[in-house]
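Chain lettering (A, B and C) follows the sequence in which the chains are written, and residue indices restart at 1 in each chain.
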Amino acid sequence: MAEKTFIKDFTKIPKDVKASQKINRVSLTYSQGVIRTLKQNKAAMISLGFILFIVLVAIFGPIFLPNYQKTDLLHTLEAPGRQHWFGTDDLGRDVLTRLVRGTRTSLIIGFVAETINLVIGTIYGGIAGYLGGKADILMMRVIDVIVSIPQMIIMILLLTVFSGSVGTLLFALCLTGWTGLARLVRGQVLALRENEYAMAAQVLGASKWKVLRTHLLPNTIGPILVNYTMSIPGAIGAEAYLSYLGLGISIPEASWGNLLQLGSNQFPGSLWLFFTPAIVFALTMLAFNLFGDGLRDALDPQMRR
Amino acid sequence: MLEIKDLRVSFHTYSGEVQAVRGVNLKLEDEDTLAIVGESGCGKSVTAQTIMRLHNMENTEIKSGEILLDGTDLLKISEKEMQNIRGNKIGMIFQEPMTALNPTMTVGNQIAEVLRRHKRGKKLSRKEARERAVELLQMVKLPNPEQRVDQFPHEFSGGQLQRVVIAMAMACSPQVLIADEPTTALDVTVQAQILNLMKEMQREKKVSIIIITHDLGVVASIAKKVAVMYGGIVVEMGTVEDIFYRSEHPYTWGLLDSISRLSKQKGEPLKSIEGTPPDLVKPPVGCPFADRCEYAMKVCKDHLPPETELSESHRCRCWMLDPDCPVKLGRRKV
Amino acid sequence: MKKYILQRIIIAIVTVFVVITLTFFLMHMIPGTPFSTGNDNITPEALAALEANYGLDKPLVEQYLIYLKNILHGNFGTSISFPNQSVTDIIKKAFPVSLDLGLRALVFAVFTGILLGVGAALKHNKGLDRFSSVIAIIGISVPSFVLGTLMQCLFGLWISSWIKETFHTSFQLFPISRWESFRYTILPTFTLGMGSIATITRLMRSSMLDVIGQDYIKTAKSKGISNAAVTWKHEVRNALMPVVTVVGRMVGSICTGSFVIESLFAIPGLGKYYVNSVSARDYTLTMGLTIFYSIFVVASTLVVDIIYCVIDPRVRLSGSRR
């Protein structure tokens, strides 16, 4: 043993159980942890910023640039310049104005369609999971059938039959779009019914409502939120795809899809007509996906380190 | 032949550096059975995994120490050389037999894999490897080994799978078998069978065993030597007799008091150690057990007690063993 | 296992039936008949004769039953815009091209996606992981028609004019339209595959990360097997399981996803006919192709589910997926 340079003080001290339980690391509540991880994720935060910006443009943009249908046959297919920042299209309409208006249309489609899907899916899945047994099996079989139908084909069919308007698009998107969420919610409810921690909570005397609030909601809201965020670009993309095929929203209305269609019709002469909506569109899709990714990672405690 | 010297291992987590192992010295003789005992989070599993170098490379750091197997430092050799040791000179058994085997491979192939990897001399054909696998399954007393060898893990029970894992670990007749809580996930009746199998393996194959456990019943039935770990250090070490009959550390007393025994008086409550083990992000500077110790003194709080050699086999870290300490509790009888 | 397969088959049949019914009645909700749309130089008599010819004068339910019977016999009716061709003929002629394109894209996507996914998981949070996540994000964010146009721009315009100027040749390495030799297939295959690469890479990566954390990987390592063997024999093999199902589902989606690619690159596939039939209001063709596509997607999904069930021993025993 090396030289002892200290005085050995053998005074008896009481045991200190409290001190032994002291936790030295930073302990975070679940939501604190989620927010902390999310904030550390730069890509997700930039994406969130971009999403907010695009939403603001969709809400207020058309107020400042209202004349999205105004044609000007003297200045057709003008390249971007001081007069028209993003140029003009084949009928002399200002591309920036139409892009702003299209942003509103496309975002409305994305948010409204997915919100409807959220409501339908949650209710359907909640009922199936709550009822359980035969009713649940039957309801899940219905979903199996709906999921098996190729979604794009059904949308094309619906848009062939009905006119291509925002309403029809929403209908087409919501016809099959809610199944994923319904499965998710049903799975969570079912798991909770059988889960040991929920059972433990009930045995310990927690009321049903408390179990629902403290166990079902925190466990379900995360995946639902991720699913919601990740489906919005899906809906926006579907609109663009269908409008690109000439089935969705038709000119003179403006949407990202028909702007892209017009752009590719003028291709390769007036590249700005294609690239301006394409860049905005791709950035938005990117932002939603990156934010959804970040949210998913943040909500999964095991991903945190 | 296996010696661990001053091993220190840390994990890097978002809340800081967890000093999981803080200077552990252990020695395992040939054909010996060493049990490492302690609560969860005391560093016993980390120690075992570090011997095999199976720790997570990304966030684990080996701060210092040596692990000598027949004089070779396992922490210094290359990954390739380590691979020649794993499964060959050191075998390992895990806690959860149900998840320890690859679900998409037959058990026979999984055993054959280790045989073919460490073939000695001529190449082992598939057929020969399968035959050897059947023999090994026979050795671990699995019924119908001829049929079982081609089955998938999900067709076995937990106890049967643990036999398969033992067969795999013993396939190349290793010098050392590390068993990380091998019976924890099993039914009590199966536990005894698995322990008996391990003892038999040791008799027949002359393997030395390191068994990690929190169950003193397991220790009593299989171990020859015991290391009691707490807060990342070994607080007491000795033969089974030393630990069970002559233990000097208050933590060991607590562990011994918390086992239920038939000899207990009727109505006598089962004792437990109050409090929780220290958080190893900022481990206590003194004795890690001080906060929970009934006999704690001021010195315990501030200084880590040195190792006192009580006999050739028995060592203990406690300030009460200091010659200057006024408190003399003396040898305790359980 | 039998019960599971039987259940899948029943669901598939019900799905196809639902699609046929839905398609039929939806198409008949369109006011008027295909012949009455804006065609003034047709006499009412001729119109009636035409309608009788196509069986449009019978009650709707009867028409439906006839249509159902015809489909069972593999008869999807006659095209209106290509009067002398049955829908079946068109499918026979054009579908192989679509299938060719779809399978090329799928093979390309599966190989690239799995390699990128494995690489990303092995080099978790390092360069390759970043690279593959960039690819994945591009694949998901940039829709195929934008990517296709971009490719045409790049190879059809900028690179080819550069080649022309530098080498004084009109040879085009990657032609941007038609479907003739291997050179012609590269750009469409790449464009179509890109979206699926993203999905497969992501899935493979998370599946790999999941498997890497499993206990049996530690067991495999404790046997002294080399890292490469652990990766390929244990990790990739197990991680592939969820990817297999998704790849199966992709057969369907990749074929329906090729509509735009086929139009864009002027490939004479079924997708091009489908898109044209929609804009030409060729209802029998639209209807026939919708149903054909659905049957194809449902059948390919079914086959994959059954294969999955056979190769994964866990499913084989329990009769249901994990």
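To be clear about the criterion, a residue touches a chain if its C-beta (ideal position, glycine included) is under 8 Å from a C-beta of that chain, and two chains touch if they have at least 3 such contacts.
Note that the structure is a prediction, hence the values are computed from the model and not measured.
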Closest chain to the centre of mass proxy, which here is the mean CA position: A
Leading chain pair when contacts are tallied as C-beta pairs: A-C
Chain centre separation in whole Å, for chain C relative to chain B (CA means): 54
Between chain A and chain B, centroid-to-centroid distance (C-alpha), Å: 48
Interchain centroid distance [CA atoms averaged], chain A/chain C, Å: 24
Multi-partner residues of chain C (each touching 2 or more other chains): none
Sites on chain C touched by chain A in the complex: 11-12, 14-15, 18-19, 22-23, 26-27, 29-30, 137, 140-143, 145-146, 149-150, 152-153, 156-157, 252-253, 256-257, 259-260, 263-264, 274-275, 278-279, 286, 290, 293-294, 297-298, 301
Interface residues, chain B side, partner chain A - complex: 13-16, 59, 274-279, 281-282, 290-303, 306, 319, 322, 324-327
Chain A to chain B touching residues, read off their complex: 1, 6, 8-27, 304-305
Touching residues on chain B, where the partner in the complex is chain C: 52, 54, 58, 79-80, 83-88, 91-92, 94, 96, 99-105, 113-114, 117-118, 152, 154-155, 165, 168-169
In the complex, chain C residues that touch chain B: 124, 214-216, 218-227, 233-234, 237-238, 241, 312-314, 317
